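Pasting in a structure now, in structure tokens, and then I'll have a few things to ask.
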Amino acid sequence: MSTSSIGKLFVVTNFGESHGPAIGCVIDGCPPGMELASEDIQKELDRRRPGSSRFVTQRKESDAVEILSGIYEGKTTGTPIALLIRNENQRSRDYGEVAHQFRPAHADWGYWAKFGLRDPRGGGRASARLTAPTVAAGAVARKWLAEELGISIRARLARLGSVEVRLEDWAEVDRNPFFAANASQIPELESLLESVRKAGDSIGAELVVEAHGVPAGLGNPVYHRLDAALAYALMGLNAVKSVEIGDGASVAAQRGSENGDEMTQEGFLTNHAGGVLGGISSSAPILIRVAVKPTPSVLIPRKSLNEQGEEVLVSTKGRHDPCVGLRAAPILEALVALTLMDAALLQRAQCGNYGLVFDAQEI
Amino acid sequence: MSTSSIGKLFVVTNFGESHGPAIGCVIDGCPPGMELASEDIQKELDRRRPGSSRFVTQRKESDAVEILSGIYEGKTTGTPIALLIRNENQRSRDYGEVAHQFRPAHADWGYWAKFGLRDPRGGGRASARLTAPTVAAGAVARKWLAEELGISIRARLARLGSVEVRLEDWAEVDRNPFFAANASQIPELESLLESVRKAGDSIGAELVVEAHGVPAGLGNPVYHRLDAALAYALMGLNAVKSVEIGDGASVAAQRGSENGDEMTQEGFLTNHAGGVLGGISSSAPILIRVAVKPTPSVLIPRKSLNEQGEEVLVSTKGRHDPCVGLRAAPILEALVALTLMDAALLQRAQCGNYGLVFDAQEI
Amino acid sequence: MSTSSIGKLFVVTNFGESHGPAIGCVIDGCPPGMELASEDIQKELDRRRPGSSRFVTQRKESDAVEILSGIYEGKTTGTPIALLIRNENQRSRDYGEVAHQFRPAHADWGYWAKFGLRDPRGGGRASARLTAPTVAAGAVARKWLAEELGISIRARLARLGSVEVRLEDWAEVDRNPFFAANASQIPELESLLESVRKAGDSIGAELVVEAHGVPAGLGNPVYHRLDAALAYALMGLNAVKSVEIGDGASVAAQRGSENGDEMTQEGFLTNHAGGVLGGISSSAPILIRVAVKPTPSVLIPRKSLNEQGEEVLVSTKGRHDPCVGLRAAPILEALVALTLMDAALLQRAQCGNYGLVFDAQEI
Amino acid sequence: MSTSSIGKLFVVTNFGESHGPAIGCVIDGCPPGMELASEDIQKELDRRRPGSSRFVTQRKESDAVEILSGIYEGKTTGTPIALLIRNENQRSRDYGEVAHQFRPAHADWGYWAKFGLRDPRGGGRASARLTAPTVAAGAVARKWLAEELGISIRARLARLGSVEVRLEDWAEVDRNPFFAANASQIPELESLLESVRKAGDSIGAELVVEAHGVPAGLGNPVYHRLDAALAYALMGLNAVKSVEIGDGASVAAQRGSENGDEMTQEGFLTNHAGGVLGGISSSAPILIRVAVKPTPSVLIPRKSLNEQGEEVLVSTKGRHDPCVGLRAAPILEALVALTLMDAALLQRAQCGNYGLVFDAQEI
């Protein structure tokens, strides 16, 4: 029950700080016999990596992953897979002046209240850098899910500030630095981000993450429901303030006759539920929307306190993303993969199968 | 790691089905020495109980709780507290005709896909009735939180269908069957519900739940963050499709200079964050909004399948709430109480304290 | 991770006190579709029940179990199985005089030190009565193990005080109140117990528990080894002070050339290991020996303290077993069943199978 | 609930294989603010390290530990402490010939049955080398236990084969390579080991481990008892086949009037219980005895099977300890430290204190 672990059977334990020697994770419970090479993991890390465009932090990290254990002759052995990523580019001097201040909307104050001390270098453990081990572990899970169950997971930027990013073509997502599923809005997004950056400000975003090919039967009736586990994983990501499944908040304004997805022999006629009914997957695509708050690090001076309780003005000068949502897509995919993998193993444990595939057209 | 349990240290294990002999829960890890009588629990159960107005299911249940263990001479002993609620009013005949059909938007299909069989009587374990043990356990948690830490928790209906329910006076919440924090809109809500009921339809809702007096320091940096644990608890409640912390989904459209809550010696100037920063409580009020889908049980016939895969038309004739959101307030409060209690004990375990109280005016 | 639960996937949560309203447990994670009736559980409870001979406590309890949930039409549904046993015969007056004293070798002092208060009625939660829910849950596990994997589990008395109880015929175990696997020593055991009882004293015992038909592959390499899990379960039973696997303590005097069990195509030639190698089952029979201390409740006055720290003389007048080991056999079987069931589900989760059966003659 | 983790609150997750790139662990839940340097950990690792005498494996490993996270300015931050030990001296060629055979009494067969494949290099994950991360984590726990609670833990060799190793002076333990608490028997032990080594054989051992200064109140009533948790930890150590608390197996032959430890204002008069009553620490010293089987790696040819099921003769030529018990003392100490630390944090969580110290003379 480590508080730094996620999963009950496919258990990922995360460690590290932004400017410590290394970050990484240990994966326990991976099924044996799956082919796994560091490239399988590295390719996902590279999708998340900073420095890939001028709109994300310019910190340069190769994020090269080393597999320390759990692999023999190219296959998983069923023993813990430890993954190590060395920190290379720790410009601690950037953070010196705020080491004893609580930057507004940052984790500084909470850590200090909780632990009585904190590692201020680069945000310490609160840094978005700690999502890299999550992505690395997620790469293992999604490989297994794809090979064993044919599950695919994808995410895209759905909103940048007040601009809705239209879904035009999923194939575009990996062709631009915004994970936008269209090419036509890229100039508009660039222009918006440039204005935000020049203003020394930051901006929020929304993302959509989907899982296709999930069999019906994953999840549990009470408490450890699949939607609960998904919400746990996604709300646990830095900056996420909202998690919606299927129609999400808009269900409040719906009638039951509209919201209830009818089933026919061709499949569900709609997917208002977003693939989860009664806490259990329905075999319809799992559809989730999350909102990500704007990066709290802004150049505009803000009122706060320091550790002595004195009022100070804080402006953050370090390297930061103007929009943390821009790099969130691979992380969301990883978190969904970890959650589904765990649910699939729980199902296999209790029921000896993966549930049922409802062979319907996807909606 | 029971999938029917919630909490790591204050662990509640839920059991029962709607029309089985009984429902209940076992609470492990309760601090010893707290005065606890069945009335403390009963009063919360009575707030949740069906049959209290014509707009909720007319099933009559006294929901009388019996404490089976863990209390001696009126005090908690530190050993498991088992709570038992007998089912009294099981009109199984109501459900006979849909026993082998999958009611749209219900848990029927998922349970069948998962387990290969299901208890169809009254929805079995998927019934909202299973929230009663959660409310009972929550009553224990909120008593401890109030006495030990001065924490108070409250919830209210914030939207019914397209009608926003205004916050006028929290004291009104317990004076009407809608948990609405105003008296003036009650006729409007009654009228809306009546029309929904007459149409044989149902309607969604939004609720707000808040916790006040939470010290700064509860929660954890990565994965087991306080917002993650809250989202897990609340998204795990029947019919909830959206969980938002603080400004929730609207952060997507905000700038960092607007979203970041400034701190002064008088406290936080705003509370966009909803009381959680970096996964850890900030001492500002915890503010959460959830959306609840309309009850899937409607009289209007809907297309579905039966267990043989044949297409059928389903309309639900049993006793049902036209809006499950109407009775959700006490349940949301209970789930927040359970989550905060667990976080407080985790904090006491690791750090020997409850964090810091930031003695500011509430926002 | 309730501290009153055992198991990671087949999770049993125990509740109750000797003289409270009821005792029982909740089983989470049981595979669905298994036929289960209360008689399946009752027959194991009856084997454990007090009052079956003059050598065990004369407390009369029917120990009638009620299944509260998790069964529909005679089959497990995969949802929590709650089992309830009402306490009937609580002669609390027997214990009044020691309510504020710490009986030597009892749990009294520890509970008081831990919780700051305790339920003294009949030993409260420290009573051997709390093993009944364990036996009940174990009955479910052993049924599944027998049907799914052909595993059988049996236990016998192996020593009573200084008398070694010879293994002559396993069939005798259920024909005498001592769980002795021979008929010839019964008069000797009766005579010994009678002398102990007349002296107002009590006596220790040793028991052997075995599991046959366990496939190779259950358990884990580091920490959660099968032998570790077995030791956890058995050392967690009241009065047990020693757990030995296979040759146990006598391995200290062995050479490697003697201790190592050779394998041939006909099977293992010996079973010094007791069926566990490297933390994982080997498919040879699992052999365990436990030692049980004499009941601490004796008529002979003993020095102790009361809650005020004053020295007192304590002699226990209530109804007690002169040898708790006499009724331990069904409990040990249950604990082994719970452990193996959990290991089998963990194996199925990670590897999709139950390991390998090494089709050898049993040793 | 990783199966490679130990502890509920002070959670240690172990990873690595004997001949992989590295071994190590992640510690979650460490209290913040404790001074911790790598030397604190290294000194315990050095006590366990191979190559320190001619009677232990001649594999040369510096076992240099690197702290990867969780420390800032010399203090624990409360975030996960990741510890890394690189493998340096992997002579994989030693093991090539047994790569597809099941060495008798080794973990080979079980791993193969479980996972369907195995890493045969140096025993892979079954190697005693994997105890190094346990010792490293234990060093953190024992530092905290000593500083916060004044608890001290020590272990010694109590038997080598048929030779009982007398307790004469605890101070001798760190002055000889056998962890023997006397100087006079060293020549005898050397001579015995030399004869075993020359015979190409190995030999078993017994060790005693003790904890002093443990307050009364650690542990739990049912299942997660302190003795259960200790047995879990110690039986989970490679080669351990027996765990006894206090008088252990000899309680079987005792009477209650003898076994029950009397309490006076000067303390317990005896300590038959070994410091645990009713699953909870009594404040008397915790006394545990374990038996360790002889190393299965012997030069004497032994019958076994290979992966094809063919009968083969196996003799192990690699570098091995003739007695794994010789280096077990620091590991046992570490495991007891981890268990007590976890119990202390659980107690602090539930009860807000560490129980009571019974200020008596040690027995």
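Chains here go by letter, A, B, C and D, matching the order in which they are written, and residues are numbered from 1 within each.
Keep this in mind: contacts are C-beta pairs under 8 Å (C-beta built on N, C-alpha and C of every residue); 3 or more make two chains touch, one makes a residue touch a chain.
Remember, it's a predicted structure, so these values are computed and weren't measured experimentally.
Ranked by how far their CA centres sit from the centre of subunit B, the chains are topped by D. In terms of C-beta pairs in contact, the better-connected of the chain pairs C-D and A-C is C-D. Averaged C-alpha coordinates give centres for subunit B and subunit C that are 38 Å from one another.
Per-chain Cα centroids separate subunit A from subunit C by 45 Å.
The geometric centre of subunit C is 26 Å away from that of subunit D, both derived from CA atoms. With touch defined as above, residues shared between interfaces to two or more other chains in subunit A number as follows: 1, 3-5, 8-9, 14, 29, 32, 78-79, 114-116, 125, 221, 346, 351. If you check the complex, the residues on subunit B that touch subunit D are 1, 8-9, 29-32, 78-79, 221, 345-346, 348-352. Note for the complex: subunit C touches subunit D at residues 1, 3-6, 8, 14, 102, 104-111, 113-116, 125-126, 130, 159, 161-162, 196, 199, 201-206, 215-225, 227-236, 238, 240-265, 269, 272-274, 276-283, 289, 291-298, 300, 302-305, 309, 311, 325, 346-347, 351, 355-356, 358. Across the complex, subunit D is touched by residues 1-5, 8-9, 11, 13-17, 20-24, 26, 28-29, 32-33, 66-72, 75, 77-82, 84, 114-119, 121, 124-125 of subunit A.
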